[in-house]
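Presented sequentially are two complexes of chain A, the first with chain B as partner and the second with chain C.
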Partner chain A sequence: MTPILQCAALSKAYSSKYALSAIDLAVNRGRIVGLLGPNGSGKTTLIKIASGLLTPSGGSILIDGKAPGAETKSLVSYLPERTYLCDWMRVNDILDMFEDFYPDFGKAKSHEMLQRLGIGQTDRLKSMSKGTKEKVQLILVMSRSASLYLLDEPIGGVDPAARDYILRTIIGNYSENATVLISTHLISDVESTIDDVIFIQNGSIKLTSSVDDIREKHQKSVDELFREVFVC
Partner chain B sequence: MLRKLLKYEFRATGRTFLPMFVAVVIISVVSRVLYSDNISQALQGSSWFVDLVYGMTAFMYVAVICAMFVMALIVLIQRFQKNLMGDEGYLMFTLPVRPWQLITAKSAAALVWSAASCAVAMLAVMILGSQYGGFFEGFGRAAESFAWFCFEVGVPVPLMIFEILLIMLVSFFSGAMMIYASIALGHLWPRHKNAGAIVSFAGLCIVMQVITTALTHILDSINFFNQDYNLQLFIWLIIAYLLLFTAAYFVITNYILSHRLNLE
Partner chain C sequence: MEWVLRDDRPIYLQLIEHIKLRIVSGAYPVGSKLPAVRDLAAEAAVNPNTMQKALSELERNGLVHSQRTAGRYITEDKTMIDQIKEDLAKEQLRAFFKSMEAIGFTKEETMRLVQKAAEEDKQ
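Right after this comes the complex of A and B.
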């Protein structure tokens, strides 16, 4: 089976600075993958290229064997690191919009999660705090039955209690063949959730491995290995 | 998908336009009542406050109609700039739709609102003008003059109306697409994208002006504008000319959104 995400010599340059330099990568189906790296390492750039929001400077990227476009966007559920909600909407407006555009959107699932996090369906997005907006976005993204979830810093802006719920939601909501790629630098929080890790630094892949291999070969936790690899 | 995009585009913009239309109609009705002969003669000059109300109403009538057209232009720019090239673009460009559908939905909604603004402005003029005897007769005389003009140039009235509406339609789209292309070209600038959009707009204006001047010279050199020049041919040349520019701007915008997008 072809990997859900493949990169070959993928590069992205801003002016003369490389955010990604010729990375080769394959992410398999049915895995929860941690995309781990310090700030400015290229995590967001990689995710945005896969989502079709950035154009690569060189190399190629394939989602389910296809270049990013309208077809891959129906397979990918993307959570950006910023708020993309339209201020004029209420929660039920944005739920309707997702239901209209994504056939894989589960409205009942989203209602359940909203209730659990105490967010009203008629609440205005404009009057919400940044953290609540992030929760709404995560609910939208995880209510889809996508093939690939690209979650850029999903737990960075929310309180620790919500963080646990979000991680449980991520594990509980993805199907067997789906892949979840989570970018974060909060490694200890995601360590028990992820199957594989990708260490990225200065736009280059430093290490790809399963969490089990790290524990067996290095006799270390992912957090410990991360601190060793990215020592300042 | 285009139908769904249009639905959300109308919902996003309707909340700005509909209250504005209601405001124009209300201020027109108030003006019509205040300026009707009986009330006006009884009230005007009775006190400084009444005169102030009259002055304010007249000002509001003109201001609100002007504001409606300014708003139509601002919404046209903002819906592209903010909803596609700003943070909201993170949602719009991850929907399973193609960039041409986004451009089409935005421009089609803007066209409908601009046409509706023109209709509301005409309604406002009619509401205020209806009190004056001969106002509608004036319309009748204008229609007769138009029919006479059509007869003089040998064009059936329905065809002339169709051509005028078509010119208005392609003029709107060429203007809207020029603005979209300018914003898209500005997006290619590594920094100061808004300044890039303004410079691009100026650049496109210059290019259009140069081509227009060159074409006029060519038509002149072949004696196109002689005494019995073909008005029909000239009208269709203008339509084709505007359509060509519209298509060029659309292609530029679609190419940049499809192959050069970099939302930062």
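Right after this comes the complex of A and C.
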């Protein structure tokens, strides 16, 4: 089976600065993958290219064998680092909008998650805290049954209890055909959730490995290895 | 029994040990059905693929067997479970002797201390 995400010599330059320089990468189906790297390493750029929001400067990227476009957007569920939803909307308005936009949106699933996290369906985004907005956004994204979930810093702004719930939600939603790519700095939080890690630095892939291989080879956690590799 | 995972070793190995412990302690009785991979993974807050790997390993050892579509079952081989129980105890003892040695006790001295402690415990 073709990998769900495939990059060959993928580059992205912002004027003269390279955010990604010629990366080769293959992400397989049915995996939960951590995209880990220090600030400004290219994590968000990679995710934005994969979701079709940025165009590469060079090389190629394929989602399920197709270049990013209208067709791949139906396969990809993307959680941006910043919300794009309008402040005045109520939760149920947003649910309706998502239902209109995405045929794979599971409304019942989103209701269940909202209830579990104690978010009212008639609440306005405006009245919510930053963390609650992030929860709403994540619920929207995870309520789709996509082939590839691209989560840019999904747990950065939420409290540890909600973090656990969110990670459990990601695990609970796991399906053999879906891949979840999570970019984060909070490595120890996601470590037991992810199968594989991608270390990225200065726009280059530094390491790809499974979590268990890292532990076996280095006798240390991914978090410890990360601190070692990216020592400041 | 809580799922406690440490940082220094592969997660699947720790899952194997944990499930073994549940089997020998009777938390998962002989011949009983194991919860589904997904449920076990959610309970331990680990990735389902990792849990799957741990269960496949247990299956290879014969401690667990799968019945096509009906799920996974604990072995009914009581002697096998007893054997694992003994192995686990031996492992604990080896580690214990090693720490005692680090403190400065020989095996014989340790044995005497153990006996004494057990007698005191009875009173």
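The rule is short, and it goes like this: the second predicted complex is superposed on the first by the 232 of 232 C-alpha atoms of A that agree within 3 Å, B and C clash if a C-alpha of one lies under 4 Å from a C-alpha of the other, contacts with A are read in each partner's own complex, and residues count from 1 in each chain.
Going forward, a contact is a pair of C-beta atoms (placed from the backbone, for glycine too) under 8 Å apart; a residue touches a chain by one contact, two chains touch by 3 or more.
Source: prediction; values computed, not measured.
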Putting chain B and chain C onto chain A via the overlay, clash or fit? fit
Is A:219 touching the first partner chain B, the second partner chain C, both, or neither of them? second
Of the two partner chains, chain B (first) and chain C (second), which one does A:90 touch, if any: first, second, both, or neither? neither
For A:163, using the defined touch cut-off, is the partner it touches chain B, chain C, both, or neither? Pick first, second, both or neither. neither
Contacts of A:100 with chain B and chain C, given as first, second, both or neither: first
Could you say whether A:82 touches chain B, chain C, both of them, or neither, answering first, second, both or neither? first
Contact-wise, after the overlay, does A:14 reach chain B, chain C, both or neither (first, second, both, neither)? first
So after the superposition, what angle do chain B and chain C open up at chain A's Cα centre, nearest 10 degrees? 160
Pick out the closest CA atoms of chain B and chain C after fitting on chain A and give their distance in Å. 27
Residues on chain A lying within both footprints (that of chain B and that of chain C): none
Show me the residue ranges of chain C that touch chain A in the complex, using the header's touch definition. 5, 7-12, 38, 41-42, 44-50, 53
Footprint of chain B on chain A - complex, ascending: 14-15, 48, 51-55, 69-71, 73-74, 76, 78, 80, 82-86, 88, 93, 97, 100-102
Name, in rising order, each residue of chain B that touches chain A in their complex. 1, 4, 7-8, 11-12, 15, 83, 87-91, 93-98, 190, 259-263
Of all residues in chain A, which touch chain C in the complex? 30-32, 164, 167-168, 171-172, 174, 192-195, 211-212, 215-216, 219-221, 223-224
